[in-house]
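Structures are listed in the sections that come next.
Look for chain A in each of the two complexes below; its partner is chain B in the first and chain C in the second.
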Partner chain A sequence: MIQISNLRKSFDRHEVIKGLNLSVNKGSIYGLVGVNGSGKTTVIKHLAGVYRADSGTIHLDGAEVYDNAKAKARIGYVPDDLYFFPSYNLKMLGQFYKRIYATWNDKRFAELMKLTELNPKNRVSRFSKGMQKQAALILALSICPDILLLDEPIDGLDPIVRKRIFTWMIEDVADRQMTVLISSHNLKEMDGICDTVGIIKNGSMLIEQDLDELKADMQTKAISEHLPPTLDEIFVYVYESGVKND
Partner chain B sequence: MFQIDLKNRKPIYEQVVENFKKMIISGGLNQDSRVPSIRDLAKTLGVNPNTVQKAYRELETNGYFYTVLGQGSFISAPPESLTQQEIAELYKALAEQIHELLFRGVTITEVQKFISEKFEVVNNDSDK
Partner chain C sequence: MISKGLLIEQLKRFWMISFLFSLTFIIAGIVIVLGRGYDFAPMQGVVEILSMEDNLILIISLALPLTVASFTFGVFFNRKASITIYALPLTKSQIGITNALAGIILCMIPIVIASLLLLIPIEYNLEPYVSGWGWMRLLENEAIFPNAIAHGDVINTIPVVARFFARMTIIVLFYFALSWLAFSLSGNFVIGLLTGLFFNLLPAALVFLAVIIGEIYVFGFHAFNVLDRSMIVFIHSNPVLWRYMMENHNRFETIMNPYLLFSGLTMVMFIVAFTISRLRKLERTGDSIIFTPVKHALIFLVSLCFMILFGGFLHMYDQPPLVFHIGLILGFGLGFVISQMIAEKSFHMIRKLKSFPYFAGLAVALYGITLFVTQVGMGAYINYIPPRSDIVGVSIDNWMPWHTTFDTTYHQHLFVSNPDIIDLTVQAHEKILDERNYLNITPLRQSNVSQRRHRHIAYLLECGRIVTRMYLISDTFAERTGFNDIVYNREMIVAGQLIFSHPELVTEISFYHMPEGYWDDDIWRGRVGSITYVNDPTQLEVLMHFFADIFVEQRQPAFFTMKPDPHFRPESVNVSFIVDLDRLPTGTFGFMSGFTIDGEHLESLQDILTAFGFPNFTVEE
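Up next, the complex of A and B:
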């Protein structure tokens, strides 16, 4: 279980995250949504242990994540801005990950590589952006993490690869109760895959709820007549009206 | 098995529930046959396993499924008889449909003809 309480973070005296709360249940696929600059990436970087909170706590099963190797070993993280060692190919990266993550699974890595069209002998830094994203995803999935953090994973991927990645993710959620947190502004895609959503604006959480319940609640408001609203419509409504849940 | 329509506004778990109900009522799924595991169905449909689980839970609560620990879910025997409340709900749904038909200009005679024709079909089926 992931729990962020009252997180605050400033960069150069500019407060980006303003007392944000967030919680994700084990085995959930959680969609973190918000406009550009609302703080999605900053939140994820705190969860990954990259940033240190100014105040507030970031807990993974009750333990603080920052500077905690044990907690971080359980997390697979695919950032939006990817970096690969210049001379490494995918195979070498796999060996590098294996040295770092005790839960690394060679068999899984081999299987996933076979399912993509990526050449394991080519330098990853020379891959196209979409191919790099795929490479990062199969590396993260081969760790067999308890928590998978995906920052804008859908951007730049073709529909076939997207479907493939969702299928792998679904397998791990069903088999091992992996917890997934995805940030995106592709709300249509999130609508179909997430069970819970968190809508953030200006560094604080506006609404965090089970998606089906949220839709049922929003149906009573006049967003769209009769039918349950889509996540798209809910998002626009929440942003414009500024409604909040507690 | 069946498809999920992501463009449909109906929540995915409701779509799963409805598809199973349809298959059970039409006889496509027999009593005591095993339903796919949550994992397999989630993978086949490409949807969140938690959503499938939610649908299965609802089907179990409403008596369409039963679960054997460690073996999965199975199709239940048809319920003995409907409760008064269930009957009332089904009639209410039927009334709404008929109202819409009338509102859209279908005559009551046409509706009656449709019902009696359908009813004959059902009767013939049960004679076989």
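Up next, the complex of A and C:
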């Protein structure tokens, strides 16, 4: 469904993505993991249609994403650095998204709002970081996207909000076969929700595999004292050994 | 192509700008209308708004588009905002056009409101006894009242208000398009503003540079008043300035219909800005200049401007070639450092100096091309003297043929048609060219460089065309080449002054002797001395011939060696000419209205006037 082939991107002559390949199946929750500066956010921004690739392709069901309004209409994107119109409250943002996204669902928006303590009449820019993340996710889920891109969504959030975000996300995957690509440092959380992981290092994909299969493969390499190995242990092993997919 | 959702949102977000500017228009209008303190003021205020003569209106027409563009294209300067907005299901074209349309609407609202308010009828109700400059200005305002206006007529008719609306729209949209263009190239608001200013100055700066380069390297080339020419270009690329300089003060001639020019430029800028907006790389948001080649081009242009300005400055003060070239190098280096600092938003320049050799190499190459083109390619211009058979007149040391509004139809009298003088001029010109150095930047082979001054030669050709050349040469050189023989020739001097070449235009001459310690005003008010008037045509003819002789004598080099300064001798007499303006050709300018007769000739003047029956004329206090 999501297909990135041989993606390359440079900033000021410094190549940050080096021929990266990535594939995400419909209805899966894909965890994109890597250390700081490995290129996760850049990959997600390409997927969101914000960045143009220097070379390579980014396809969503065969359609190029960059500058393609139809493709972007199917994507819900929650960036790491959130931005809301300065004087807007959540209700006003909802109205804005409703004008922009044909798939906007008022009922879903109202339901999700009820599940939080967010006051829809307060300015979003005055919300705490966690509240802003929730607001952004409510907006992204209310457009009923086929694909949800989450860049560090649980970074700095308390456990209750983290759980709430993952619950909403998993419900949508189960109900509507929504595809999720999520990047995070928090590998323990990712371990519990992702079915596929991609480990990215210096702009290249080291390993991309079904998480259960990956764990089974790694079990044979005896990288951990307990079985099966955790995503944390696999990540450290892959990073240090430089092992790659064939 | 347009996103209705984004458009509504932009209008919802920024309607306050339109509201505030509408309010400013209203308040400014009230201030202008009521702020005069005279009975006639309200009407004059309305006229000033309608004709956009009030500076406040001009400031608003500049501030409105800049403010609107800063907000509607604010996404260009905010990395987080740009990521959020460009991730929306909209194409870059949609976002660009929608933001532009929102900006245009926001700009237009205050103009529409102001125009509607201006439609409230105001009748011309001035009483004849009202006096004052404001009233005069009102009557003089031909832009508003092409014909006389009768008492009780409405001054702000629909066509007049429509013209105000159209002009404001053109001016405001010009600056809005310029802002969009500059902002689309930049990822930083301040740099965006500077880029806009740079673009605004660029046409004039290029003309200025071209003229300076021509003056330095093209022997014989002289653009009369370089700054004036650059200003003409500047005001034609700057509607607010055009309004101020042209329609208020009529300082420069118009190249073409400016509103047509501004509208055309606006369209071009909209298209370019739209294209650039589509090509923007969002990851460069926050950078000073988004496109690296544009950044390099701007750095190079700024460095080049500094280089030519430094060199031009030293050239103006006749510095030797070595100093001139050091000035060029220093100017380029300084321009490079300053523009790099701005482009990189940093004072740490060491790393960036690595690219200096490339920029400097390009500058040297351009310098080489300039030298080649000016010295080889412009050879035909530099060495050109019209064929003797084509020349019907020459004018020496008169700046008028260089003036941008010069027209031979009105000023043919300036050219001397005497074949001997034409021959002498051509010979002197040939000598000047023979003795020129390879590079014009080095002085000609002259004994005294400090005495150099600009010398003008203008040929009138049989076909009506004028060929002009200007040389910076010393008196010694001018004497050696025979140039001075023509300069001090009676016929040439007389030709340079309309009243002496055409004495029949003078209808009256007045004489007065001004005793020491008094002013002209004392004479004219009869406090001291007396004034003698002569208006008999025959007497006028004799006197004009007499004055022409004195005038020619006063132009000879020997006259200036006399001590004390002959113009200020206490026994001198002031002469004023009354010229029949109706008989002057349209467009004539710069004729002489009076001069001073020194003590040497007073006795002769007294003799002539006594013979004419003016025995009371005296130089005694």
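In this section, the second predicted complex is superposed on the first by the 244 of 246 C-alpha atoms of A that agree within 3 Å, B and C clash if a C-alpha of one lies under 4 Å from a C-alpha of the other, contacts with A are read in each partner's own complex, and residues count from 1 in each chain.
Methods note: contacts are C-beta pairs under 8 Å (C-beta built on N, C-alpha and C of every residue); 3 or more make two chains touch, one makes a residue touch a chain.
Owing to the predicted nature of the structure, the values given are computational and were not obtained by experimental measurement.
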{"item": "First, second, both or neither for A:A48, with chain B first and chain C second", "value": "second"}
{"item": "Chain B versus chain C as contact partner of A:R99, first or second or both or neither", "value": "second"}
{"item": "Partner chain in contact with A:D195 - chain B first, chain C second, else both or neither", "value": "first"}
{"item": "Partner chain(s) touched by A:I29 [first = chain B, second = chain C, both, neither]", "value": "first"}
{"item": "Touching partner for A:M1 - first (chain B), second (chain C), both, neither", "value": "neither"}
{"item": "Chain B versus chain C as contact partner of A:E171, first or second or both or neither", "value": "first"}
{"item": "Contacts of A:V243 with chain B and chain C, given as first, second, both or neither", "value": "neither"}
{"item": "Common interface positions of chain A, toward chain B and toward chain C", "value": "none"}
{"item": "Partner chain A, residues of chain B touching it in the complex", "value": "6, 9-13, 38-39, 42-43, 46-51, 54"}
{"item": "Contact set on chain A toward chain C in their complex", "value": "11, 45, 48-52, 67-70, 72-73, 75, 77, 79, 81-85, 87, 96, 99-101"}
{"item": "Chain B-touching residues of chain A, taken from the complex the two chains share", "value": "27-29, 163, 166-167, 170-171, 173-175, 188, 191-195, 212, 215, 224, 227-230"}
{"item": "Residue numbers on chain C that touch chain A, as the complex places them", "value": "3-6, 8-9, 13, 78-84, 86-92, 94, 281-283"}
